[in-house]
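Next, two complexes with chain A in common: one pairs it with chain B, the other with chain C.
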Partner chain A sequence: MRWWWWIPLMLFAGFLGVAAYQLTQPKDDFVPSAMVGKPLPAFELPAAIEGMSGVSTADFQDGKPRLLNIWASWCLPCIAEAPQLDQLKQEGVEIVGIAIRDRPEDVAAFLARHGNPYTRIGADDLSQVQLAIGSSGVPETFVIDGKGVIRYQHIGDIRAEHVPILLEKLREAGE
Partner chain B sequence: MSLTLSSRGMALFLACLLAVPLAAQQSLPPAPYAYRQLEDPAKEAAAQALMETLRCLTCQSQSIADSDAAMAGDMRHQVRTRIAAGEEPEAIRAWLVERYGDYVSYAPVVSETTWPLFAIPLLLLAGAGAILWRRLRRAQ
Partner chain C sequence: MIAELGLAALWLAAALAALQLYAGAMAQRPGGEGAAALVRPAAVIQGIVCAFAFLMLLWLFAITDLSVKLVAANSHSAKPMIFKLAGAWGNHEGSMLLWVAVMALSGALIALVERRLPEKTMLATLAAQAFVGLGFYAFLIVSSNPFERLPQPAIEGLGLNPLLQDIGLAFHPPTLYFGYVGLSVAFSFAVGALVTRQVTPEFARVMRPWVLGAWVFLTLGITAGSYWAYYELGWGGWWFWDPVENASLMPWLAATALLHSASVLAARDALRAWTIMLGVIAFSMSMVGTFLVRSGILTSVHAFAVDPERGSFILALLTLYIGGALALFALRAGTVSEGQRFSVTSREGALVFNNVMLSAILGIVLLGTLYPLLTEAFDVRVSVGPPYFNPVGAIFAVPMLLVMAVGPLLRWRRDSIERIRRPLILIGAIMLAALAAVLALGEISVLPLLGLAIAVGLAVASFLPLRGRRLTRVPLAVWGMVLAHFGLAVALFGMASESAFSEERLAAVAIGETAQVGPWEVALSEVLPAAGPNWTAIEGHLLASYAGGDPIELDPQSRSFWAPPQETTESALATRWNGQLYAVVGSEAGAGRWQLRLWWKPFVTFIWYGGMLVALGGALALIGRVIDDLRRRAVLARIAERRGEEAV
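Let's turn to the complex of A and B:
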């Protein structure tokens, strides 16, 4: 038998190996936004609660980098990240919130209980801004530079180890 | 008396069963066009065809047409209102791909990363054809 007759069998074995390896790997459930590196799309959201301002694209174009936090009062991981958002606020970071599919009274109750790190909170009742910036769940946090360009996306709740990363990304965005 | 009590107890029990999952979820009603069809049957058909090929982002093994997730409902609302406004289905798909990458679409497209999927079967067919042709010619 000629040696190259074995090539198809080797290819098949190689394919089996790759498939078996992939089956043992944990599934990556995150869908990263393809909008990182692009400007925020134009939007204007009304305030999510009385007494605070809503959010529009223009709010991100004054030269100062910010965090844009996509969250909701009904989202449990959002409770887990509340202390980290508070810590970022203590460090002087401005955090703009967008509440997804939420009621004013629920937002107010959440903030009363877990603290309010936000300077503004917009109400996105139809997930329109969430879809427009390529976010696929709550919570997600975006670093927006002073020109309104999305520079970084953090998917899931912010844990203690993510705080320095976000601060670093904000510093880079401010350069 | 005992009958009314127990049926009232039953009603309370059922109410609790219903109330628990609702309380744990979002309280806003679904988007207007999440579950309502468009009046124009042709536009609704176009919207439905598109929704069946868009991936639900929070429940990634379903299309947005199949999913009851709130976000899928909001995506259906967006698809239906845009189609009602006269936007082309492929333009809506392109808008979503621009935000979430190819991943959001179930309809395969030829791109920088996917071209081997289309090229390899053609190459294999051509190779098999060539071998067969040589064999048959030799056999004659």
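Let's turn to the complex of A and C:
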């Protein structure tokens, strides 16, 4: 009898061990971005509409914490969160937008209709930056500290109850 | 009454399986002739009784008996009859019962007709089959009783998952189960052969039709599942490397390897231990896949009713079946001698290479599927996707496909490259020409480029084994191989073309406006509400014209079901010989505009045509093998008859 005939059984036992362990663990389906705690990847996006500037990594290096909002004119929840973004702007928060797979005229129409809380809007036509910062859908909002490090990720639209949380995270990022 | 009858039949079938296992095991001992006589009848009756239990479940769904929990949870009196019946297996309990019923019927079939192997091996095989069946019966009776009554009959059923209310999907899971059952039979044969140390070419010949049948069903199941995900999920993709998809791909990979190694064993009496190992692995993969899907320990895009308790049960079954078989393998494999030798450049050599590559791809898919599970144990969440599977898989798939073009040209046992030099040069030249032609079309990435070139070369190469032969005298099994290999080339061409040349357009379009994608011009003519028996929808009316030709009407929908509430997209497809336009309508984007997602996918349909050709090839080979077997039987019977006459 040779020892290597036992290898398949050993591998199988290993699988059983992991599977049995996992079965006893509670399930948590929230998947945070692996980028939280890491600096923004280097990127430079052109402006999404005329008359506003685009977005690049360098814009986040001036020591001031900001919100980075990933949105699109074709996204319904983005309309739902517009009032909350406006409220955050009233509170003095600087919001940088990245429009995903959009057209300038649609972006302009959206802003005219739902207000413009953004200081800059970049156009991410191929979702490259979106994927690079670990966002899997629209809308998502990130808290970026003054050194360009991602501090917090909010998945989905911002509802009224989320505003204080975001303000608190921004305050922490500013310390 | 009907439910109680079904449950009683299930218990009876379980008792018969226990008897079959006990008698089969006793028959292995000296003086076990009495027990041996019980095994085959027990298997036949078990098959009939278990099939009866499944018929009772079908009946309950047909009459929508709402006092039965399973019917109330999965059916609805207003549903069309075909979906009521499909509801019987469109859930965990019913699908398990269907699985075990088909398995019991297969056992009955072997017990009735299979007499080529030594009787002891057959009895051990049937005992193994009963052992597997017994586990499933316990599973059904203890934790997934399909016949459970409600204390109070429900007033109305809760409907079928709207995503599942689709004729294609009604027949998709059973196809996979038939495949899994075929692999369970192959597993039982492997265990029987190991127990009695009878790993012979005859064993491979007996096992092969079951593997072939399983392989045909798995191929059909994967092809259909891929097309379903493509048009139903509305994401425009046809394969997502999702755990559920991988769960169906892994048994297919193992079955493909098993099929080829069984052919070597049948023809040349080589690869004995390897064939046994693959027989165990192929069935393990179908069980592991079922476990991953049902236990919910991996997150999937395919919504499934998951249940950790059932997961634990399947894991326990897995431990018994696979752990037992692998331990038996470790103890016995040393006593299975290696078999005939062969040179590297021979048909066997090519098949061994193909086997190693297939096993490597299987290992890669398995690792990628289980990796998140492994890291989660250390609190690191990852998701493994196409960036891993595609390139890593290709490392092994590309050499395998190249050898696949050449292998069938080689002779058994010993051959030389020199002898097949001319076809080799032809295949090489075609691949290079295809490579150059694709490069001339523009810049595309490496994998699709290689895929296109290999597909064209393989398509031609797959017909070369027919050259110089009288086509009317070529055996069906060879036609099957040719067709299956050609089908793979067709599918590969579709995959590579889809990934190289697809164009996507996402637009917010107002009524009367047009959007361009590839050679198509698509105009949104109107958006209207639509309604069906249990849903309402917005339906977009699109007029699509290809390169300025006559417009075709497309009506994609975004549906809202109300029992249970759920949103789905119904994509609309315009199919041409050279590809498909894929349109999805989304919700209103404000200002009278509607979200419209368009894809132009050149030759994407080849993926599924190819899959069907592969399955058809497998079916031809299966028919060819069965006919051969029947002929041989007739000849043997005639010889026996003549001997009998001479004796008189």
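Criterion: the second predicted complex is superposed on the first by the 144 of 175 C-alpha atoms of A that agree within 3 Å, B and C clash if a C-alpha of one lies under 4 Å from a C-alpha of the other, contacts with A are read in each partner's own complex, and residues count from 1 in each chain.
In the analysis below, a residue touches a chain if its C-beta (ideal position, glycine included) is under 8 Å from a C-beta of that chain, and two chains touch if they have at least 3 such contacts.
This is a predicted model, so every value here is computed, not measured.
Undergrad: Spot which of chain B and chain C makes contact with more residues of chain A, would you?
TA: On the superposition, C touches more of the residues of chain A.
Undergrad: Classify the contacts of A:Ile133 with the two partner chains as first (chain B alone), second (chain C alone), both, or neither.
TA: After superposition on chain A, A:Ile133 lies in contact with chain B alone.
Undergrad: Tell me the contact category for A:Met35 with respect to chain B and chain C: first, second, both or neither.
TA: Only chain B; A:Met35 stays clear of chain C.
Undergrad: For A:Trp74, decide between first (touching chain B), second (touching chain C), both and neither.
TA: In the superposition, A:Trp74 touches chain B and chain C alike.
Undergrad: Pick one for A:Pro8: touches chain B only (first), chain C only (second), both, or neither.
TA: In the superposed model, A:Pro8 contacts chain C only, not chain B.
Undergrad: Check the residue A:Leu16 against both partner chains and state whether it touches chain B (first), chain C (second), both, or neither.
TA: In the superposed model, A:Leu16 contacts chain C only, not chain B.
Undergrad: Take the contacts of chain A with chain B and those with chain C, and give the residues found in both.
TA: Dual-contact residues (chain A): 29, 31-32, 34, 74, 101, 103, 106.
Undergrad: Okay, in this complex, where on chain A does chain C touch?
TA: That would be residues 1-2, 5-6, 8-9, 12-13, 15-16, 18-23, 25, 27, 29, 31-32, 34, 73-74, 76, 79, 101, 103, 106, 109-110, 113 of chain A.
Undergrad: Going by the contact rule at the top, pick out the chain B residues touching chain A in the complex.
TA: So the residues of chain B touching chain A come out as 25-28, 31, 57-58, 60, 70-71, 74-75, 77-78, 96-101, 103-104.
Undergrad: For the complex, which residues does chain C have touching chain A?
TA: Touch list, chain C to chain A: 277, 280-281, 284, 288, 291, 295-297, 299, 308, 311-312, 315, 318-319, 322-323, 326-327, 329-331, 333-334, 370, 373-374, 376-377, 381-383, 506-508, 586-591, 593, 595.
Undergrad: Residue numbers of chain A touching chain B in their complex, please.
TA: 29, 31-35, 72, 74, 101-103, 106, 125-128, 130-134, 136-137
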